[in-house]
Amino acid sequence: MDNIFALAQENLLSPIILSFALGLAAALARSDLTMPEAVAKGLSLYLLFAIGFKGGAAVAAHGVDTTLILSLVAGTVLSFALPFLAFAMLRVMTRLSTVDAAAVAGHYGSISIVTFVAASSVLTSQGIDSEGYMVAVAAAMEAPAILAALWLAARRAPAEALAAGGGVAAASQPGLLREVLLNGSLVLLVGSFLIGMATGAEGMAEISPLITDPFKGVLCLFLLDMGLVAGRGLRENRTAVAVGALAFAVLMPLISAAIGYGTGLALGLSAGGVALLMTLSASASYIAVPAAMRVALPEANPSVYLTLSLCVTFPFNLIIGIPLYVAIATGGA
Amino acid sequence: MDNIFALAQENLLSPIILSFALGLAAALARSDLTMPEAVAKGLSLYLLFAIGFKGGAAVAAHGVDTTLILSLVAGTVLSFALPFLAFAMLRVMTRLSTVDAAAVAGHYGSISIVTFVAASSVLTSQGIDSEGYMVAVAAAMEAPAILAALWLAARRAPAEALAAGGGVAAASQPGLLREVLLNGSLVLLVGSFLIGMATGAEGMAEISPLITDPFKGVLCLFLLDMGLVAGRGLRENRTAVAVGALAFAVLMPLISAAIGYGTGLALGLSAGGVALLMTLSASASYIAVPAAMRVALPEANPSVYLTLSLCVTFPFNLIIGIPLYVAIATGGA
Amino acid sequence: MDNIFALAQENLLSPIILSFALGLAAALARSDLTMPEAVAKGLSLYLLFAIGFKGGAAVAAHGVDTTLILSLVAGTVLSFALPFLAFAMLRVMTRLSTVDAAAVAGHYGSISIVTFVAASSVLTSQGIDSEGYMVAVAAAMEAPAILAALWLAARRAPAEALAAGGGVAAASQPGLLREVLLNGSLVLLVGSFLIGMATGAEGMAEISPLITDPFKGVLCLFLLDMGLVAGRGLRENRTAVAVGALAFAVLMPLISAAIGYGTGLALGLSAGGVALLMTLSASASYIAVPAAMRVALPEANPSVYLTLSLCVTFPFNLIIGIPLYVAIATGGA
Amino acid sequence: MQTHPAKRVEIIIESPMERRLRAALEEADITGYTVLPVLGGSGRSGGWSREGQIGRAGGMVAVVCIVRADRVDGLLDAAFAVLERHIGVVSVTDCEVLRAERF
Amino acid sequence: MQTHPAKRVEIIIESPMERRLRAALEEADITGYTVLPVLGGSGRSGGWSREGQIGRAGGMVAVVCIVRADRVDGLLDAAFAVLERHIGVVSVTDCEVLRAERF
Amino acid sequence: MQTHPAKRVEIIIESPMERRLRAALEEADITGYTVLPVLGGSGRSGGWSREGQIGRAGGMVAVVCIVRADRVDGLLDAAFAVLERHIGVVSVTDCEVLRAERF
């Protein structure tokens, strides 16, 4: 228990969290501090490239153990299954329409790569090892949730959806699946993972001054931007989200993390690996899934899913979730 | 004396100055070399974050001494008072309208953070220590000058200003004060200063590979951009500024620096701290104040104040001022 | 022979090549992975500044030897002469119109700075020294080819060109020469070279954490972008280029490299210097020359010259050319 | 200078739908259009801004398309099929163009 | 396809005034508009360009607003109150829109 | 609010030609115009996009110019002299402006 508090406190005072808090505060206070879109995208390309490459290089160093394939399968299943749980909870806890609930559910099955990056960096700070291929698991968990969401919207809301021209049509939209599987961040993450695997320690030595040394600092700047965007979202959509939905956005990650914990133990992952799988399960998408939802479920209200995912669950995981998951996974709780 | 020349020469041959000169030359020669707006903004966010954080970390390391509060008060007073001096000088030395003179005066009370950064980096190169909280003093000096300028415009130019719908109304414009106090660069500077203070040496160790090691190189690139912008400004506004105004733009920083010198000694700052306070006093704003003037004193001609501040005083301080102030503050003159 | 294969293989598995391949694959697969224009420009400014500065600092360290002037002259002559050879080959190997052939020829006389950077980084990895002033030679080779192309278009296609309002007029267009000589990348490359020369080892020490340590990593990100752009070009212009032209785009660099080899030996350059001169000769422009062609020879089809230069010759040099040129120059073949 | 009547169609559409709109236009044989970036805006669904955003969702683009009057209907049909369930705005203005043979 | 007459108002305004213009529009119940970035330009006060600039001053944005004809006057009054002492350009064009119920 | 008739000219032109167009406009005494960025597009010469590009070639900009009707011909002549051999699109729309004394 002490351990958790120590971790949480240390976490709270890390430059990463404080940078996020600064961005949030600036946006809520209506400061005109902003980061240009191109810079924010540049930072996210850097983070994806670095985390992917380092994961691949770690796999090259430690070899592919038998758990790799199992972990990928488990991640895929989690991503597809969690939305059903989320959907059920949303139907009970909120008055969201079926389409909205399906869209939100999709976000919680999928993952947030920055949350993953933040957790990795906490592990690194504490000298806790983890499987390099957790990056590949992260990638595997991105898309299946989207299919689950579309399926939920189509099955459960035939009338609603059909009236609007619909979910079913959407699910069968040509190109959507392909677009989701080839979305930029997924391709970069997987691609740099493969490059890291192929070039291994030698490649790592060549580019580590870019992707390792300044990594944490760049993460701070990126979280500053996330804080700004989240704060602006909160300001504009204060009223879009009811109390039930807020409760969901805090409860769901805890439940998902518990499921991730069980899965991680069953897979026999290291403590660090378990913490990362918990984090992945607990995190909610705010890039890939929103874009897919705008295309396939335009009737779903983006204020709802973006507010929950980016303005509630993301900070919750960052501040409370990650130290908690790490503490539990390492048996510190 | 020798010392000043040695310093000036070393300064002239530093990559920082030469990068600025390259940008200036390229723009004057009408090269199409440009830096995208987003990249320039990204670099300035980096510099603000780095300088703020390092200042805060230094305060965390050395503790808050009693001079801190006094320095903040002194900075605020200087920023509010210097515009009155500048205004008086402008009325004597130039034929600028009252509104233009008030606007220019506001720029010279406020500060240029890049000039501050350049001076800090000269101090670092020469191994001269300075108070970490000078960053906070810089922040304190940003806004008061704007109020002084508006007050000058309203008091001294009632007829002019009222005819134009004016200054008084402007000074009382709802939201302007708030906008100035919450402008992006101020919030980032103060915020990262606080983060640096909160996370101290530990935080510094984590992100120093981003904010310390490549700092000087990034400053070169940023000054390249400043040179490009200043050169373009010179080319487009050659005729906007009369000889009297040019003389003001060189004389004013010297006088302000002298006042800053006295203030710094009275406060009991270290030699490095005195050099920085001189630099702050001598520098003229080209971001926060111009934006405020466009909102509150739109009748003032931006070609005048931007040309003086960015194209004359900034290079003057960079090339001649900083080495001079450092030499004087360290007793080398 | 073994050496070449070893080099080629090592080269193929370098993060740099793989990053390019990733970009290419992503674009061909229609992923929406993209790098914002501003970020790509920012990276290219960094690379130009770094390579220029390092070249200048190397010259400052090793002194200007007598070969410098001769090398500059040789580069200028090569750049002006190679387009005539290229033009003759294009007339034989392809059915391109005179204007198109002249435009393509101009690209192959000029140079690609990223190809040069990639070759330098291969040399550095292998501990092979080269003359710092090869950067200046690269700069000298940028523009003359454009004049050759315009001359070819005007001489050989008087009817065609005149009908279109044409080449002759274009060649004498006021401002074009000046625009070419002052184009942004040329100015930055030469400017930072001079800064590096002026500040030498001391300047290098100050900014090397920015321009040396993360250099290779940044090059990877830039090549990722190049791959994306090349892949998109291939996708959109598959049909723009006939087989003859493709053969040209692979044959021409080999011939140019051979000429560069002879020239380098005649000049008495070091093995590294010869490899770089081969690379410069073999590389084809895709920034400065296309922009000049759009202004001066708008009738020439950009799909043709961009596809050949960026989508065929650039990858060819990157993957096969550079290791080959290095092997030959170092006598490893 | 000789000008010719035409129509300027401006379609403000969500970024995630841009690719589909482009495909639909090309299918309807409308191959001339230009895409402009959008910084932010406001509508029935509230205000938004691109600053600091990295995802495609939550952004829009403006597609400007100049066509001969007789092709406007085809264009609008194609655009509407894509836009129908989505937010976005379509406006059509009379204009004059140079070089009519290009449209 | 059925279209409806409307007006397209384009306001080119200094960036530092954007926030005030947005507030004024919203106060005048004009909640539909789109903001486009501007790279540079030229006017009586000379030429300018955004390249390499980091401050807000010295930049402009273009605000496009499509409204029913009967709301143009309210819009122009609101915009003019903000613009009055400032540089900037306002133009109004007739247009046709789809989905009139949205305006 | 009192408005005055004018013309809105929109010129979509290759980036490498922007400098020449600006010079030509200024020579024709058209000193008021605004330049907007363009992300991509499609035309007879195929599609293109600015993403990831670093060269000027392969990009376009949109120049918007609001003028009194009697100055349109001068403007079009000046623009056409620059555009003639180049790709690009020019359209002219009727509009109403505030503050007519500025044009």
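Residue numbering begins at 1 within each chain, and the chains themselves are lettered A, B, C, D, E and F in the order written.
One rule holds for everything that comes next: a contact is a pair of C-beta atoms (placed from the backbone, for glycine too) under 8 Å apart; a residue touches a chain by one contact, two chains touch by 3 or more.
Just so it is clear, the model here is predicted, and its values are computed rather than measured.
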### Task
Give the chains in contact with both chain A and chain C, ordered by label.
B
### Query
Hey, which chain ends up farthest from chain D, C-alpha centres compared?
B
## Note on the structure
Farthest CA centroid from chain A: chain F
### Task
Have a look at where chain D meets chain E and say same if over half of the interface residue numbers show up on both copies, different if under half do.
different
### Message
Nearest whole angstrom, what separates the Cα centre of chain A from the Cα centre of chain F?
### Response
44
### Task
Could you grab the centroid distance between chain E and chain F? Build each centroid from C-alpha atoms only and quote it in angstrom.
18
### Query
Hey, how far is the Cα centre of chain A from the one of chain D, in Å?
33
### Task
Scan chain C for residues touching two or more other chains and write them down.
32, 34-39, 41-42, 179, 213-214
### Query
So which bits of chain F are touching at least two other chains?
19, 36-37, 47, 56, 93-94
### Summary
Chain pairs satisfying touch are A-B, A-C, A-D, B-C, B-E, C-F, D-E, D-F, E-F
### Summary
The residues of chain B that touch chain E in their complex are 34-37, 40-41, 44, 164-166, 175, 179, 225, 228-229, 232, 236-237, 286-288, 290-295, 298-299, 301-303, 306
### chain F-facing residues of chain E, complex
10, 12, 36-44, 47, 60, 62, 73, 76-77, 80, 83, 89-94
#### Entry: chain C partner contacts - residues on chain A that touch it in the complex
36-39, 41-42, 45-46, 49, 53, 178-179, 182-185, 187-188, 191-192, 194-195, 198-199, 203, 206-211, 213-214
## Note on the structure
In the complex, the residues of chain F that touch chain C are 14, 16-17, 19-20, 45-58, 84-87
## Note on the structure
In the complex, chain B touches chain C at residues 13-15, 18-19, 22, 25-26, 29-39, 42, 125, 213-214, 216-218, 220-221, 224
